[in-house]
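As written, the chains take the letters A, B, C and D, and residue 1 is the first residue of each chain.
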Amino acid sequence: MSMKRGSVPLRWIAVPVVGLMLFAACGESGVGQAPESAQGGGGESRICMMPKLVGIPYFNASQKGAEEAAEELGVDLTYDGPTEAKAALQVQMIEQFIQQGCQAITVAANDPNALAPAMKKAMDADIRTGAWDADVAPDAREVFVNQATFQAIGYALVDIMAEQTGGKGEFLVVTGSLTAPNQNAWLKEMKERMADKYPDMHVASLEPGEEDLQLGIDVTTDYLRANPDTAGVFGITSVALPGAAEAVEQLGLDGKVAVTGLSTPNDNKQYIDAGVIEKFVLWNPIDLGYLAVHVANAQIEGKMPESGTFEAGRLGKVKMLAPDEVLLGPPVIFTEQNINDYNF
Amino acid sequence: MPAGVRTLLLRPEAPALIFLVLLAIVLAFTAEGFLDPANLEDNIARVVVLGVIALGVNQVVLSGEIDISVGSMLGLCAFAVGAVGESQGGLILPLLAGIGTGVVAGSVNGALVTLGRIPSIIVTLGMLYALRGMILVITGGRWITNIPSDTRALGLQSVAGVSVPVIILVVLLVVVELISRNSTWGRNVFAVGGNRRAARFAGLSAGRTRFLAFVLVGVLTGIAAAIYVGRAGGVQTNAGQGLELQVVAAVVVGGTSISGGRGSSVAAITGAVLIGVILNGLVLLDVPAEWQSAMLGALILLAISTDALRRRLLREQPS
Amino acid sequence: MIIEEHRGEHPGVQDGAYPSASPAARDKSSSDTPGDPVIRVMGLTKRFGGVTAIDGVDFDLLPGEVHALVGENGAGKSTLMKIVHGLYAPDEGQLEVEGRQVTFVSSRDAEAAGVAMIPQELDLFPELSVAENLYVGRHRPRSWWGGLDWTAMRTEARRQFETLGIDIDVTLPARFLSTANRQIVLIARALMGDARAVIMDEPTSSLTEREVQRLFEVIKDLTERGVGVVYVSHRLDEVFTIADRISVLRDGLHIKTAPVSELDSEELVRLMVGRALSELFVRNPHQHGSIALELKGLSRSSEFTDIDLTIHRGEVVGLAGLIGAGRTELAQAVFGIRPVESGEIYIDGERVSFHSPQEAMNRGVVYVPEERQSQGLILPFPIYANITLSILQKIARAGFLNYDRERKTTDRFADALSIRGADVSEPISRLSGGNQQKAMIAKSLACEPSILLLDEPTRGVDVGAKSEIYRLIDQLGQDGKAILLISSELEEVLSMADRVVVMREGRITAEFDRDEATQERVMAAAAGVEEKAGAAEL
Amino acid sequence: MISAAVPRRLKLSRELVLLAILVALVIALSLMSPVFLTISNFLNTSRFFVEIGLVALGMTLIIITGGIDLSVGAGLGLVSVALGFTFKAGLPLPLALFLGVGVGLAGGYFNSLFITKLDLHPLVVTLGTLALYRGLALGLSRADAVSNFPGWFAYFGQFYLGAVPGQLIVFIVAVAIVWVLLARTRYGRYVYAIGNNEQAAHFSGVPVARVKTALYVGTGLLVALAAIIYTSRVSTARADSGTGLELDVISAVVLGGASIYGGSGTIAGTVLGVVIIATLRNGLTLAAVATTYQVLILGLLLIVAVFLNEFFRKTEE
């Protein structure tokens, strides 16, 4: 009897208590203050900047650079994106950026064409538009901040691999999802480089790691089991590279199977130290975020040059690849020597 | 039909096991390297995390409920393991941190279902979002890497040539199956899931029984998280994303009835291994990556259809 | 008064095949103070929402007596017993077990205090073995290493069924058991512990005569050991056979408790119903017309074999047999629910074969299932939506429903069948069992059928509603409908049917005209010479 | 608004709870962001919930019958790929659109085959077809994307009637049709009957298998419609379109008060559920609450709302 009566208040209590627990847990952590806007002095201009997704170190690093630039320039910065790398969610957020009254919107696109209509709408609303990290369709933005050309990255990857394998062999490429546009573009350049310069190198297989570390390890392991004569593995996302390196290390193939790719230094330090990875490629995402905000600000102020160079704060002069394309610079190649100089 | 065959077919995991054996035979002939001992072990090793969690979710499903929060729960537990491992090192403390986190999350699920009387699919759907949100908020998007090798012991080491994760899976299978068959709680799970009204009549506390099942999911997810961290060597904010559907697939493909009361731990593991073998076979057979998911789906449908076939054979009512 | 006649006629009673309760128990019950009652209930009240289910009820059970609890459906018998067994908490009043005041939180507390119960619902744990079903919720034997001792459980379970004189495979999952065997397992379960009192809620509703006799012998053993038995039943003949005292509940109130010797069945029915019942069964002469339904060699493996049967317009054919004889399966096969494997069905001379209930309904065949709650009604639906469910295609215009038209249709049938208790837009779950049963028949009549297959139409229905249903069946016969009346109550079949067909183990074993049919002959045909009991149905 | 299963009084109070939640949300959010409570924002937001909303209409009916369909997100991807890639291969776009609709219908029918013919649980079946449809989409597209649609195709997802987005009109029409179907026709009655007691419905002559088949096929049609609008809105056909849609849709439906055990639920509730989730997402973003928090809030809201719902249901009874 007592239990039956008791259960009603208990039920009442259960939900709020759980809610409080969850919130308390968040509060204690002391991380994550909600609004991600760095208040600048003037507060006149507002730049809205969107990564492909939030909650990963790469885009956290870009945010750091972006906030640095915003402070320098005295502009309002809103840096937010979806929690999953989905183009549809980005479309929705772009529309909301428009509602929020941003003067400039710059995005890292999960799909170049999917974002185009929303970006055009922003143009129609007289908002300066741009892309960074991953481009949208050229007619849907005014400028693209390119971290490194597809060609530069693709060639650098193949050249590094060729150094280690004597310019020949069969290779596995571990990508993100099979639909990821940047990865597909790099892959295309890689294949071109192999065809042109290293005719004995071939991409034997492409496996998706779906941006999941464990899956990346598993597909690499499976593949290397089935194809033990593989010369090397390319991991061409920031998750795929440590996954591929981990698999190679676990199989005890380090030294026999070369590993390289694109990733962030912090996540690969241990593999560089262990000698699984000799060199890998990336650009500096902090600088990229920093540059993107400078470009957006110049757009608002109407000071974008059409050619030559662009003056970007502490980065100095960066090159205009085209009237609507700014280049951050050549890719950074991380090795045992320089990896400790970076922290992202 | 001979009585022995009949008894065998009556086991809930029978269709999946038969399907698994047939598939293994086919792969043995068609896929080079399938029978390689290292590859066979790898088939199991890759589904250890899935299998350990499926053992827990299997009990929840047997009790007539469902838990689809395990993807996010694994992520959260993995962060607990990784963070403690990063700062303290060692194996025991991080493992306890993972299990503790799992127990808290599992208890919240259990309390909301039994005391809050909210359908479990909704509670755990809500928790799937809420726990993932917590990961993002707590970590602020930071990944954990450079986890010391002590902490990774459960994923990396091997004993007598068999990798530790596989040993853990087998041990947990035996333990959970023993609990399921030979403890009062284990039997009550079947009773509560099989017939809630009769269970109440028999004086069983359906609430307590189901609550403990949710807590068990937490415990096992905590252990699975330690294995995950050990194998992966790092934790990302999206760790475990989508795992919940795979776990449910493993449980039901193995032969545990989604409506509760019928099934076994062996069924859950059979389902998990079946998924592992399918994925492995597809890579070995050089099925292009973009067709692998379609093949997996088709094979899952084929596997569950064998259950319908078995019912036809035995003239059973659908469960 | 048929009930009384029936009692007098019953062969079992006359040759003493039914053991009557021990003389010692009778002495105790009639004498003044034989010791503390096992159970004593004082002023018990329980309300569900605004409805008072029982209101200040007193009740007691002495050691070694059989105390029958009777009353119409909804009188509060089950509620009272569920409180005594700890399933419900009372709102007011006291409960004492062996002189101590107790508060039960769950059934487990009641069982611990020595109060066991055989529930009315045949609920088992489908995937657990028979042996394990006996042990759910109880202390189970442990083996040396701390795990459950399965051998001990099976041995004990076998012993338990031996005392009941029933052969059953204790390792079989309960889902394979026949209805009768489920009932037996529940009885065995209740008798497992060291109970001081056993509550039996309609324990014989699925049992064969022989099993009922075995149960009565078990009850006798129990009372001789000083165990008190509360016997809840609709079957007044059983009550008079087995009980020492009878308590009557009506509308949640305690009406009377008296030794069985001070009551006769007419008086008992009057107490239960609150008025004298002039006549229970109604029979007017029927005009038989052409053959409406004819079955030729109908078979479906392991359910029924080679069934030949004809029903004329205006004829009521009674289908008798034990539970599990294949009668329900046969009716469902005719109705298109179970596929027929061989044989032919003719309606008005035309060969038909139905693959779904809709097809059968379109040809004027309706089936009124025996399981009212699980097969017959959509309980949360309003009354009108239940009654119109089968004829929506007729009353909807281009698929669109019209509330007024539905209501009118419903009112017509509800009035004709005097369905009482609630507005037609109330959920049908609020109706009493008898009124639900009438609503179910109303629903089938709305289809304007020419052939009705009625499966246990008075099961779990109180006396008043029974009488009305009999009147209705008679009226339908007069209107020229062909009716198949499946019933396990012999007097019902004998009184209502123009012709009685008996099935046993899936075959028709006898057919009697109205004037040839007697209880003995029908029973013999239904049970067969060598009756097999307790064999599990696989 | 006469619905068979739910007495009016009760239904009203459940939807009132949702309405109250929505109003509270709107007030709170408009305090947090000045642009939130504007007509242009509302109309704009509506474009993003139409796809979820359309599928949620079908899902509501399926959930009322006690079923579930986890394959809707994968189905959306498959339809998108089917129409995009047949167009790329040279099929005229109108024909490609019809083909897409056909694929949606076929996907629903395939689900229903397993559910009605083999008596398998919908959750199990659609878990399998989830992998199958997504896999087919990936395989058929070779993981590529198509985007060079002719200009007129944009109308499906980017058309405005005055200030009102075209798909909002499509959605309103669909809501009206499904609402009438569920509340006013015999098929709606059958849906509730099956959800409350499938066996009794079968015994009463309700064509259970046919109704179920129709629901899964109908949901397939809505998925196809959503896929066309989505593909047009983002002017890209990709295999990963609609990933995770199933969870959003189910969240909206159960938030709207449909019982996951079957037997109860309304279109009004589902529409409110869809709008609440969309409002919350939109408002929090406008108020510059980071998306990381939004995931957390959404999860808690779901639990709390359903708790309140169940609580009110029990109090009413």
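Basically, a residue touches a chain if its C-beta (ideal position, glycine included) is under 8 Å from a C-beta of that chain, and two chains touch if they have at least 3 such contacts.
Here the structure is a predicted model, which is why all the values come from computation and not from measurement.
The interface with the greater count of contacting C-beta pairs, when C-D is set against B-D, is B-D.
Of all the chains, the one whose CA centre sits at the greatest distance from that of subunit C is A. Subunit C and subunit D have CA centres that are 45 Å apart. Separating the CA-averaged centres of subunit B and subunit D is a span of 29 Å.
Centre-to-centre, using mean CA coordinates, subunit A is 32 Å away from subunit B.
Mean C-alpha position of subunit A lies 70 Å from that of subunit C. With touch defined as above, residues shared between interfaces to two or more other chains in subunit A number as follows: 11, 15, 18, 22, 26, 32, 54-55, 83-84, 178.
Of all residues in subunit D, those that touch two or more other chains are 138, 141, 143, 239, 292-296, 300, 303, 307. Multi-chain contact residues of subunit C, defined as those touching 2 or more other chains: 106. Against subunit A, the residues of subunit B that register as touching in their complex are 32-33, 36, 38-39, 42, 46, 49, 108, 111-112, 115-117, 130, 132, 134, 136-143, 145-146, 156, 228, 231-239, 241, 279-280, 283-284, 286, 289-290. On the side of subunit D, the complex with subunit B involves touching residues 70, 114, 118-121, 123-125, 127-136, 138-139, 141-143, 239, 247, 250-251, 254, 259-261, 292-303, 306-307, 310, 314. Subunit B makes touch with subunit D in their complex at residues 112, 116-119, 121-123, 125-134, 136-137, 141, 245, 248-249, 252-253, 257-259, 288-298, 300-301, 304-305, 307-308, 311, 318.
Across the complex, subunit C is touched by residues 2, 4-5, 7, 184-190, 192-193, 196-197, 199-207, 263-264, 317 of subunit D.
Listing the residues of subunit A that touch subunit B in their complex gives 7, 10-11, 14-15, 18, 21-22, 25-26, 29, 31-32, 54-57, 59-60, 83-84, 178, 205-208, 211-214, 217-219, 221-223, 225-226, 239, 242-243, 246, 250, 266-267, 269-270.
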